[in-house]
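There are structures below to look over.
The two complexes that follow have chain A in common; it is paired with chain B in the first and with chain C in the second.
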Partner chain A sequence: MSKKQKWEYSPALEGTDHIQLKKQYDLFINGKFTPGAEGKYFSTVNPANEEKIAEVAEANQKDINFAVESAQKAYDNTWSKMPGKERGKYIFRIARLLQERAREFSVIETIDGGKPIRESRDVDIPLASAHFFYYAGWADKLEYAFPGKQANSLGVTGQIIPWNFPLLMASWKIAPALATGNTVVLKPAETTPLTAMKLAEIIQEADLPPGVVNIVTGAGDTGKAIVNHPDIKKIAFTGSTEVGKYIMKSIAGTDKKYTLELGGKAANIIFEDASIDQAVEGIINSIFFNQGHVCCAGSRLYVQESVAEEVIQKLRNRMSSLIVGNPLDKNTDIGAINSKMQLDKIKMYVDLGKEEGGNIYQPSCSLPKKGFWHAPTIFTDVSQSNRIIQEEIFGPVLGIQTFRTVDEVIAKANNTAYGLSGGVWTDKGSKIFKVTKDIRAGVIWANTFNKFDPASPFGGYKESGVGSEGGIEGLRGYLDLA
Partner chain B sequence: MYNQTIDQINTQERVARLFSRSIKKESKVQALHLALSMIDLTTLEGKDSPGKVKQLCYKASHLHDNFPNLPHVAAICVYPPMVSIAKKALEGTKINVASVATAFPSGMANLQAKLEEVKSVVNEGADEIDMVISRGKFLSGEYQYVSDEITQVKEACGKAHLKVILETGELVTLDNVRLASDIAMKAGADFIKTSTGKVSPSATPPVVLTMLEAIRDFNNKTGKQIGMKPAGGIGTAKQAIQYLVMINETLGSDWLSPNLFRFGASSLANDILMQIVKQSTGNYQSKDYFSID
Partner chain C sequence: MSNRINIQKTYKLYIDGKFPRTESGRYIKWMNKDKSTIINICRGSRKDFRNAIVSARKALSGWSARTAYNRAQILYRIGEMLEGRREQFMAELILQGSSKKDAENEINQSIDCLIYYAGWADKYQQIFSRVNPVSQAYFNFTISEPTGVVSAIAPNDSSLLGLVSIISPVIAGGNTIVILASEKLPICSISFGEVLHTSDVPGGVVNILTGEKTELIEHFSTHMDVNAIIYCGENKDEQKLIETNASLNLKHVVHYKNKKWALENSHSPYHILNTQETKTTWHPIGI
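Moving on, here comes the complex of A and B:
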């Protein structure tokens, strides 16, 4: 290799011949895969090449009625009566089976959703399994979780999850519901239903009593049927603020409990005394993780003026070493955008950012011709008044502003309709406490970003949602505490 | 410029991410050849003898003669009394002779003695000098002393290249590693090097990354390209490739060259050779098929 020659990494593709996928998936109701009442199916495609992977049944009102009925029966006859210790055994079994089949699940998650195999392998699937392990442990300890109170289960819970972390979100919802003695009707997102259907197979294999977990696929109308079903006692939703508002309106006046985990526009704050190279890496992880399809992404960056030039230059350099391409390549850093619809939305915002006078930077990287792709993008010369700073883009697009004082940056960080997460980078411990205390957000990371643990609660202020998931807090939303 | 803090945890995470790169096929073959050409084949033992050094020098230019088109290593690294022997043995090759100096490995001698040692090995033909910094002075905060010493050794080197060994195992924190790197580069180092190989731990990945980042920042500020040499504890082709990934993504392709990057190692060459043969034939050969000089 001569001195100036570039060293390109050869493709290192994760194999796909070990996965088992059916051509067609029916609804999983009452412990069995059953066709929908109308017999309609829709396709799920690989966003990296637009090829159809499988067909999935579309559930209508009748199917939801059947699923809720089954869940109610399972609740009344077995699950609510079963001692916590026995429930725990089932959940542990799911966790172990998931762990054993992690490789297959990673590949399917990547094919169906477009995220890099590095992330589905190292983050999504291990964390999903960890959530089942964590909540399995609580199943027989509920009376210790809330001392002096009686922890009563609710009944049938309706759960609707998004497409950005398909299996992980399913585990965030199903694991605490089961641990607390509730039964489940869950709807995965229409663009990423496959790992949920594979999870249904694991639930079958774990021999869960029929009807305890029902997984129904479909789009908005299927979700509506769940939200409005009179026998559902609780709605757990993760997704857009718009749909969250619709859910709150729909269930107003009912006695349904709800937890809503919605959008975000997190401030990530770099102080001049931070370890700069590590902070730059933190920016990369905060906004380009999972193509920026992360509700807690650090999409607003605030850099102290004295180091702004250095940080932005280093960020640009680092962005040029990001590898965008085939999600199945183990070296890929940024995969495919989840859907055409989402790609159009991101492009709309990038155009808007340019119109608003923002200074755009994208590293030169060639994007594949087929599929849905977007280069990592940063905007400088933007302000709080820009829509790209105010609205959630849900893509690999970062807006950068500078600040001078601690008070100024706290005011700007809080100047948003959202309040899900935040980040602060400084070498000074006292500053961490000051800033994290004053920012109104559910999670604030110090000298790190986008770290998740089943034991740590997660939830938002303001338009970012209501209630918490994860940790002991996550049990609360599934219990009547008397 | 001496105030950049380094976060240990995040540095470890960055290393883990860099090392998760999967280097296969053509890119692996390229990397193996490159790594071979970056080796400073080293013997630094009290029991070294002229015979041993001669054998090592022969190996340096004849890595595996029944396999064509292999590069030679970058240099031989020896103690001062072996410099003239190595120089003679390597006549007619492009392989450099590097000598440790300045009371290696402890650096515990007065400055005058160190300078004389450097001048004498340069006179005997050493192309490269691997000096050690005064860690005691550094840890007691006498940074100016450390800096001045490097400047004077650099002067004594004349045309010879100066590698400055920080002995990071004794500096302990990454903040110190960064500070020592900045001092050494500013004082005139051509290369900065992690370790003597006599203190544990020697080159660790977070330390190497921290030094590479210091080199990159120095290059951005001054335009000068400083070389890097991790030494000690690098014995496998896999480790070598991981370090190449680290350079590639921290400093870029300019540094993917023996002019700016070296491995200080004694057993690395054979492991790389074994991998090169495996890439070509599909089978691993026994260690006995690779000479151990």
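Moving on, here comes the complex of A and C:
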């Protein structure tokens, strides 16, 4: 079949008439929406068409002081004194309200961040409410989580989250903090603040005591003010390794606790005895899910030499059927790149990959004129020392290498400063256990990739982070175990 | 009464299962209270530390692959060996200023500490691992794995017990360690190396240095092939220095502050957990 005869899908657009968005969002402090002290606002744009969606307030030091004060008061007067059973009910409420308004949140997430509606609808929002539901139940059961220890809350926690899974990251942070009896000052990323502000509305509706959760918008300086605030007892950060190191350095000597979920450069390993078609689908999911804006993305592919040709050919075929375009279209596989800045970074790496001698392949796909877009991209003929193999690109760009033996591929997989995740594809059970044991990373997917669940801990080895989120482990960073 | 001249012991370092002198050739003059005994302690250098890290890294894969039962037996064996050399440690602790009763207590507690963690070596995994009930058809489980190579600044005010309390949970959990002995009370530390050496602990799993903390703390915390650092102490400047340097490669920092290792409840499986990583594995359930 020639290209001209190729069947096209008719557009299947998700409706946007049912969502409620204000033109302007203030800071959410002490249970109320309050303008920032300086009265400054910044715009958040839809990366799929570069149109402004809304304005959000920029929080400065004064605003952060006010938020921390409110959180401290709420901690001292209400939240730390409330029985866990009652605390839990508030968190359950948030989970339920999110479920009820899931479609609205999905659409807003997609408009604000550029991810396909299929992903925000099926992954981000359901998982976000599931996190609240899971941790709500822990609030009155903490004595069972850590045998032999008494679990004490910390106080005010400062939380800084990234733009790749905005609401999901907010729930990863807020839900365990509340369940363990702490109060929260959270800063969403500056390019994706809207679902967090909508979550603030839900928190208001749920009638949470004022000050228990405060949501403040802004960029790096706002984040710094949170990190350095002396009354904050714990910092939870998800983002780049560079910023993670900066945070660790900033709070050195302060006795603040910290959880850092940082970058990754995961190895996805395909053995010759894998189910090849399944593995190819797995590769697509590992690197093109959420435009590759995933810290645990399988951005380094290792294919056993004997099947390399077949796997790469099938991968190319599959890539040619990926639909890149309007994130609100239910058929879309790859949405918009989150920001101009990120797009420039991805392009820089793709150019670098070519300069380093890599062999690039991109399927022919027409990208929309307006907005930020990048075609799915793979590189072959790359080596361990190439920068596109060593550094996190955070985009739909995959580097492919081959291997012969198990020991060789384990050595290659571990030859990185990161250690967040990994993948292995084989039909041999004992090989799975061997490889998943030997990869130095916190989450390993065997014959699957990029799966998440509130009951499942997530966290990195080496320079991918400190501490875990999710599951029982996710409670530990918010507690003082006496 | 004989006129026999005693043979005095040369105190060296313990690196890679061997007892080298410091490569720097430097020494620290150590004296007991009444200055009747003078010992030249090795003043370990950056190079000694780096050599120790190389051997700790080399030993890691083998040690972490040992079965839990085997690690448990080796920890128990260290306890046995220490029990057998109690007289030597009594003499050294008394030389360092302990009363006879305190020295005896310290040795008893050190042995008990080893036996305690010997018992945990094949059990903490069962306490801290789990199968997670995820909402899709996957078998999902979480286990503990050793963080890797650990550097440690031992407590300054406890000679043997402090050293043993730090080393035991780290190696019970499959890590390897380079530890700086108490600067004030260094005498027992190298003798403890001799105990380790006769206890089937593979070379490189535990490396013991003596020297000046102010000189070595920088290297212990900046080395890029160290995965975690343990600091025992209350000095705010040292804490800040360690945490700042640890951020270079995101070393985990374990800080034991005002810890009284002689107290009944001072040991805990959570100390093992302090140098463990959490690994979660997903596998589909289906045909």
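In this text, the second predicted complex is superposed on the first by the 477 of 482 C-alpha atoms of A that agree within 3 Å, B and C clash if a C-alpha of one lies under 4 Å from a C-alpha of the other, contacts with A are read in each partner's own complex, and residues count from 1 in each chain.
The definition used in the following text is that contacts are C-beta pairs under 8 Å (C-beta built on N, C-alpha and C of every residue); 3 or more make two chains touch, one makes a residue touch a chain.
In this text the structure is predicted, and so the values were computed from the model without any measurement.
A.B. asks: Please determine, from the superposition on chain A, whether chain B and chain C clash or fit.
C.D. replies: fit
A.B. asks: If we overlay the two complexes on their shared chain A, which of chain B and chain C does A:Glu100 touch? Say first, second, both or neither.
C.D. replies: A:Glu100: touches no partner chain.
A.B. asks: On chain A, which partner touches more residues: chain B or chain C?
C.D. replies: Looking at chain B versus chain C, the one contacting more residues of chain A is C.
A.B. asks: Just chain B (first), just chain C (second), both, or neither: which does A:Glu38 touch?
C.D. replies: So A:Glu38 meets neither chain B nor chain C here.
A.B. asks: Does chain B (first) or chain C (second) touch A:Glu463, or do both, or does neither?
C.D. replies: Only chain C; A:Glu463 stays clear of chain B.
A.B. asks: Let me test your reading of the model: by the given contact rule, A:Asn447 touches which partner, first (chain B), second (chain C), both or neither?
C.D. replies: Both partners, chain B and chain C.
A.B. asks: A:Gly253 contacts which: chain B (first), chain C (second), both, neither?
C.D. replies: It touches chain C, and chain B stays clear.
A.B. asks: Where does A:Glu51 make contact in the superposed view: on chain B (first), on chain C (second), on both, or on neither?
C.D. replies: Neither: A:Glu51 stays clear of chain B and chain C.
A.B. asks: Given the superposition on chain A, what is the angle at the CA centre of chain A with arms to the CA centres of chain B and chain C, as a multiple of 10 degrees?
C.D. replies: Spelled out: centre of chain A as vertex, angle of 120 degrees.
A.B. asks: Regarding the shared-chain residue A:Thr241, is it in contact with chain B (first), chain C (second), both, or neither?
C.D. replies: Second partner only, chain C.
A.B. asks: Look at the superposition and give the distance in whole angstrom between the closest pair of CA atoms, one from chain B and one from chain C.
C.D. replies: After superposing on chain A, chain B and chain C come no closer than 5 Å at C-alpha.
A.B. asks: Based on the A-chain superposition described above, do chain B and chain C contact any of the same residues on chain A, and if so which?
C.D. replies: After superposing on chain A, chain A residues 447-448 contact both chain B and chain C.
A.B. asks: Which residues of chain B touch chain A once you look at their complex with the stated criterion?
C.D. replies: So the residues of chain B in touch with chain A come to 4-7, 9-11, 13-14, 20-28, 30-31, 33-34, 213, 220, 244, 248-249, 253-254, 256-257, 259.
A.B. asks: Can you tell me which positions in chain A touch chain B when the two form their complex?
C.D. replies: 1, 3-12, 118, 122, 273-278, 281-282, 313, 321, 330-331, 427, 447-448
A.B. asks: Once bound in the complex, which stretches of chain C touch chain A?
C.D. replies: Answer in residue numbers: 127, 130, 132-136, 138, 140, 142, 147, 227, 236-237, 239-244, 246-250, 252, 268-270, 277-284.
A.B. asks: Under the definition above, what is the set of chain A residues touching chain C in their complex?
C.D. replies: Per the touch definition, chain A meets chain C at residues 130, 146-149, 241, 244-246, 248-249, 251-253, 260, 262, 417, 432, 436, 441-448, 451, 453, 455-459, 461-463, 465-466, 468, 471-473, 481.
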